[in-house]
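Next come two complexes, and both contain chain A; in the first it sits with chain B, in the second with chain C.
This part shows the complex of A and B:
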């Protein structure tokens, strides 16, 4: 039977118009505008706010100036901090923990499973400011729950936000985001025919052997998807700002927080835009890899 | 039998580890479920004695706090209506019309929406909104969220519509319905569950988010709850814990309710891949 289109091209264009306008103005134009602004010395106030000068690559030279690159509160410091943050909290923290949580969920009794899933998902769905505040209370030196436990176990309490701010945001982000990986792996594991595991059980395989030799090879695609998505999200995350404000003394100033400070505290829009361009380039690399992989699997029908 | 008892012990071990991990995940939130009901709540964990709703009364009497919740509602509602409507029309066109290059449209939109994140685009978004004279308005927040959430919303809905047989609308049109009637009377009711998912997802995203309103708004009277919450500090700069805790719980309720609703209606996997 010949397939006729249900909507004429003209009606289709009309249907697409509102979405195209919104996405165009607030997603696509910003993409090009940020590149343009990064070549100017635009500021929030003063003469250069209205009539910015074209300064070429000056903002980029300032960012990549080797003399200050690695200094605290500078671009290079934030970039390296963000890379460490992604490696530790997303790739090791969220992905590995998510895998463990999901694998455990497959074997334990339904009541323990739903308890585990509920607490992990609660960390993920509550609004970020609420989570930030709850952690602030959790880590409080005098009364916080964590130090209460430490004292109860006879361990020395710590002023975590001052002493170990970087590890705090690593654990914070791992805790916050593990649910996504867990749920992704949950659905991946459920797609494996149970008979595979039953056969392994008959052969006396341990849980670890089943994970390593049966499950992991079968869900390789899901693992790659998970790693790329959580890397992109963690790379752009702003939530740690709500816990540490980027401090103390820039020790938790991730790239997103650095951009915010340069643009909206120091009012250097040109330089802030240049940071935005670098972030977008890194995002672009990950997104291209992801879309390539995602596109390969299901061959499009039409 | 030693063999089965070993399996039994292993199973027990797994359960203990799972319960322990579940507890560890709950720890940072335990305080948050006690403090709102404690009239003398501090940052420390304490069982409320007596258990009271006094903190909530204080919040309800605080006009600024209530205004902020209302502002959150306005912004989330406005954003959701725009995202829901625009995404439905666009996804339908992408699925059913013969517009050339429509699969490229989806691809490009997804690419842009993942590259242009809030942290990368805060400068140009601020500049565009200010050039349009919309700084410090609800509309600015609504439009920026709509633009940002639309690509993913369209993608989800297009998948959803693609899965619906075209014969539904075709038979309506054979019976004499116009394409618009086929869309509104036949397709729309079938797509509705997909729209619900998108709308809930968009609502939770806008309701919970901090950065965009933080950058685009200035007046206290327009601040949504996510930003307003930072003004519950005493003159000395210490947080007013009782107020903050009760307010946080009220502010979280819609999100918890929607989660339970989606979980009950569709199962949470639907939600899994689409949170950004």
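This part shows the complex of A and C:
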């Protein structure tokens, strides 16, 4: 059978060329450049800026040095902090909250549902900088909205960004991202024929039983997709920097912020590139799991 | 088992008034079919018994208890859905046993009970299969098994056979009839298929535009359709309806219409009153028409339109000039030979008359 083609190979290549050039210059070359730099001691200033030495795996050994691995402001500390951050704000916060909101919104009237969705999505579509500033204002000790509410209720105000910086960014990221999970679960639930739930209603099932026995097993694929996506996003998220600058004293220095500090504040390009490569490998692992699950055929009966 | 009652129930969806005001009662052990064209409100009525819709006003009673605002799970009812609503991720055993699971029955106990019901429905050896691995007829029986697996006050059926092909539908219909005779269940069954309603129901509620037009046993609906709508909806093919000009001459009713020659029908007082309005509709069932002999009275004449031999019977359709068609259903496996112009005749006792509003006029001597 003759393969039908819209354009000749040459014309097709011509049209692809600009995109290929852009992707090459801004994605492919930097990608390999970062890997190359991670094996050098390149810096911004000094002798090694012009003439970096090849140092082999030295940058990587420095990152995984057992003596300082868990110390504050070191790679291991940021890695563990990031894992905690992902578990609490993405998996428990965003996914669970999104699931609960979405499930509850299935039973309310359409007008309440659309109001709820609009509100939650509003938190999602605002630009990062705007909400970073809004949260900063919300949490301010002297004039912040939260402390005004606390005082109004007769409770002692708190200096949240100093006292509970980790929980602040966990709450912030949960608030920020729950909308995505909610929308994804919403559309997943809507793909289930209503008669499934009606049959369960008639059979005598409670809302929890319907969720556990019917809804969740049927949207399993969506749940996996959601978890992988928000895990990857949260793993790489930089927005908490706008609230806490990674501080105080590195207590909210997630891996992305750590990389930024090493590369662009301490100007140790070589080490920063090494962190970047490690993060990339972790993301690659997530992506492989995701692709694996996404391509898996639906389960057949034994 | 329990009775079901609607007291002045109405239901609107926004501006659309699906059911203006409907009242009926179904006795314990009755099998009632709600029959009507799509959009007549039959499914809405059923869903209000189930609790899947809430009436805008009025009361729904099951077993004498007001359940109008009760959640479906608290009504002790079973329902079979048009699309079967089987859970694709559960095997047949789990699907059938699901109502028992939500009641907290132990797994071995509920699977044993599911198996019992499945055996009755001849799907007992498929229990490990998924719904996608069985045929449509088997899926239908699985959804039936799920409805039968736990004791219910009322069994509700929402067009359960409409997704089956013709042959399976007949088989499933016969099975449901058998089941009803066996269990004596109270059932409400929604269908747009008049044959299904005739075969299954102890009483049929024929619905049109949110109203019950006639609520009677099948044979009554067949013999004495309350309106031209019922006459036109029940029977296959439906009753022939011929609008005609009426006059009473020498104490006999005469009907005049294109191709119609009816001069000597008996007259009752009610007929006489209806004839005052001049316009009357004559109704004759296709099975009561025959090819006329030369000396027959009560004749309809027209051009042959179609002559369909169906095996044990033939459908002969004629077209009256500039007027409607009339179909005769003739029970013979011989080929029917007719000329271009066909005369069909009928006996006076098989005539149903409708007045100008479409309501049936009680027959002579009724």
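The rule is short, and it goes like this: the second predicted complex is superposed on the first by the 290 of 302 C-alpha atoms of A that agree within 3 Å, B and C clash if a C-alpha of one lies under 4 Å from a C-alpha of the other, contacts with A are read in each partner's own complex, and residues count from 1 in each chain.
Criterion: a residue touches a chain if its C-beta (ideal position, glycine included) is under 8 Å from a C-beta of that chain, and two chains touch if they have at least 3 such contacts.
Predicted model, so just to flag it, every value in this text is computed and none were measured.
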In the superposed arrangement, does A:135 touch chain B (first), chain C (second), both or neither?
first
Return first, second, both or neither, reflecting whether A:33 touches chain B, chain C, both chains, or no partner chain.
first
Comparing chain B and chain C in the superposed model, the one touching more of chain A is B
Pick one for A:9: touches chain B only (first), chain C only (second), both, or neither.
first
Counting only touches as set out at the top, which of chain B and chain C does A:43 meet: first, second, both, neither?
neither
Which of chain B and chain C A:198 touches, first, second, both or neither
second
Given the touch rule stated above, what does A:82 touch, chain B (first), chain C (second), both, or neither?
neither
Go through the superposed model and pick first if A:217 touches only chain B, second if only chain C, both, or neither.
second
Do any residues of chain A touch both chain B and chain C, and if so, which are they?
206, 301-302
Contacting residues of chain A [partner chain C, same complex]:
193, 195-196, 198-206, 209, 213-214, 217-218, 299, 301-302
State the interface residues of chain A toward chain B in the complex, per the touch definition above.
3, 5-9, 11-13, 15-16, 18-20, 22-23, 25-31, 33-34, 37, 42, 100-101, 104-105, 107-109, 112-113, 115-116, 118-131, 133-138, 140, 142-146, 148-149, 175, 178, 180, 183-184, 186-187, 206-207, 232-233, 236-239, 242, 255-256, 259-260, 263-264, 269, 272-273, 276-277, 279-280, 283-284, 286-288, 290-291, 295, 300-302
Which residues of chain C touch chain A in the complex?
50-52, 71-73, 75, 77-79, 81-83, 85, 87-89, 91, 98-99, 101-103, 128-130, 133, 143, 146, 150, 156
Along chain B, where are the residues that touch chain A in the complex?
10-11, 14-15, 17-19, 21-23, 25-32, 35, 42-45, 82, 85-87, 89-90, 92-94, 96-100, 103, 105, 107, 109-128, 143-144, 146-148, 150-151, 154, 162, 166, 169-170, 173, 179-180, 182-183, 204, 207-211, 215, 226, 229-230, 239, 241, 244, 248, 251-252, 255-256, 259, 268-269, 272-273, 275-276
